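Labels A, B and C are assigned to the chains in the order they are written; within every chain, residues are numbered from 1.
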């Protein structure tokens, strides 16, 4: 219990002092994870919708694969991307290893299947509901996609938030491709890992509390912004 | 948007619809010459819904042919509108539901605003334009789907048991709208198992049972005494299977 | 707006949004000069680098980006060209690194020492011993818990060489007392602290470790526990992209009188943790 009260005190102290180091870490965490989620969503939403609406040979296998990739271990993703971006790797010329960009790529890979798979399921269910109507009024495939995506926006927003949750909370991928470099690629989760490994458990827990706080703030913001829409959504 | 090609007469020859070896519609032939309201009457499971969807192009024919006048086959569906038994509405406001189909048809913003207002007015829904469509009452929802059909300005309106789930007041409201549609010179084909409703609205009746067309007659004639014995028992209120 | 025009507009807005996010996300190149230093977790955790590197940056304008992993991994990183300079502490590996053409030269920088820490109860009875070989021998015969780094780090390699001097080979039945954490020094000390186990640690990590609980420093001072650090520039002839000029500048700074004095001045809780070596070597 002592660790916990220690942690709360540390967290409060960090927040009250507006510790600039903390600010830098939080900002980078948000920048990396939000970028990853937005980038992933831009491609995962239409892809998920497309797979839901289009019958093509092997679709069943694609769906199984999409669902399975939601369980990609972050550390494995980190390792693969590290090998790709390493100087001696195929993409080494980009010089992206140990940069926030590499971290965004890694988290994007992790988040993409979550959004795609959940989008597919949502659109598929909505398709059952609306298929006859949409065909009756002559909607083309792209129009069907946009109609169903908008209609399912409440569920899709939840899918995107799930992706964000996965991104902001993971440490395995970003620590390998980012290197946890001070002032450069150190984010909340990697800092927590570092402080834990230094035995400073109070600090680690304190940062953990702040991380959860941030997740709550982001979720609240999203729900509030989408509040107008949610009133019209049943 | 009205083309020179007419939608009537509707000529159906030997139409069949088979699913998993079972004939939902079997060898149905009829011709409809005139506008007004044609009721597809029959007990539940008779195949009324399927026949309607075959005519609308939502289901593929297994055999036979369906021809709408001399209209271009590609265009036929676009010149029709369909209302389903359960009102299908998007998760947005009433007005936006109508706007959605107008956008699909490529209407300009100004045109859309005008048509939305007119359609909602026509259906008596002006007050709830901005309400979430799914929060409306059953009668309002179905009125909205009919208003949406009205906004499309179709030549043919197909309705699949539109009031089956509505209470009497809502039913009356919806039937008024259907009459209004018919009054504007549109061809209406409506599936129903409700004899009284057919009596109120129909100009002619197609009686179906087990996927077969058993009788085709003007409404008055049918209602006073159908030739087909099964139809007669149906009219008398018996359970026909 | 016509349907087609609307699609075009939507598509372009989407493209603009993606471009905005991408440019914000990807324009992450650090401003100014920088080099990548692969070093060890023990060096990082001690706080020495956090103290030294900002001073170097102020004086030279070069930012040193530290990736802190085990000695083995640091070297493998450098062998793949992912670091410009390495700062590690395992002489045989360092010599092989240079011999195989990956490093330009091994340059001694500083040393600290290893210590053996363990539970206050000290079941193996090694407190105060100065002969590390005997101490480890007692730990083994008492079969008291011992947590190893197990991660191919400099510390791990040193530990293994100490056991080897005892002619001790790890056997299958040693699993009940000899545990391998496969982690950095801090994490390993955490495990030792929770398990009330013995552990080999560099002094700097031990002093800065914040979760000691019942662990105490038990054995120190044996010459076998001396822990020298070297800095090596990754050979630019191996990889053209190595920032050799800036890397050399950093190395020169580290071994300069100024750099060496700074290293000596670094203290935690009133203790000097690292002892400069370069000037003495130069004097030889």
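Methods note: a residue touches a chain if its C-beta (ideal position, glycine included) is under 8 Å from a C-beta of that chain, and two chains touch if they have at least 3 such contacts.
Computed from a predicted model, the values in this text were never measured in an experiment.
Student: According to the touch definition, list the chains common to the neighbour sets of chain B and chain C.
Tutor: Neighbours common to chain B and chain C are A.
Student: On a CA-centroid basis, which chain has its centre farthest from chain C's?
Tutor: The most remote chain is B.
Student: Please identify the chain lying most centrally, where each chain is represented by the average of its Cα atoms.
Tutor: That would be A.
Student: Quick one: chain B and chain C, Cα centre-to-centre, how many Å?
Tutor: 77
Student: Cα centroid separation between chain A and chain C, in whole Å?
Tutor: Chain centres of chain A and chain C, defined by C-alpha means, are spaced 31 Å apart.
Student: Measure off the straight-line distance from the CA centroid of chain A to the CA centroid of chain B, and report it in whole Å.
Tutor: The computed centroid separation for chain A versus chain B comes out at 47 Å.
Student: Of all the residues in chain B, which ones touch at least 2 other chains?
Tutor: Within chain B, the residues that touch at least two other chains are 104.
Student: Could you say which residues in chain A touch two or more other chains, in rising order?
Tutor: none
Student: Within their complex, state which residues of chain B touch chain A.
Tutor: Residue list for chain B touching chain A: 53, 56, 58, 77-78, 81-82, 84, 88, 90-93, 100-101, 104-105, 132, 134-135, 152.
Student: Under the stated contact criterion, what part of chain A meets chain C in this complex?
Tutor: Residues 31-32, 35, 38-39, 42, 86-89, 92, 95, 97-101, 104, 142, 179-184, 196-201 of chain A touch chain C in their complex.
Student: Would you mind writing out the residues of chain A in touch with chain B in their complex?
Tutor: Interface residues on the chain A side: 129-130, 132-133, 135-139, 143, 147, 150-151, 153-154, 231-234.
Student: In the complex, go through chain C and note every residue touching chain A.
Tutor: 7, 14, 17-18, 21-22, 24-26, 28-30, 36, 41, 45, 50, 63, 65-68, 80-82, 183-187, 189-190, 193, 208-212, 239, 241
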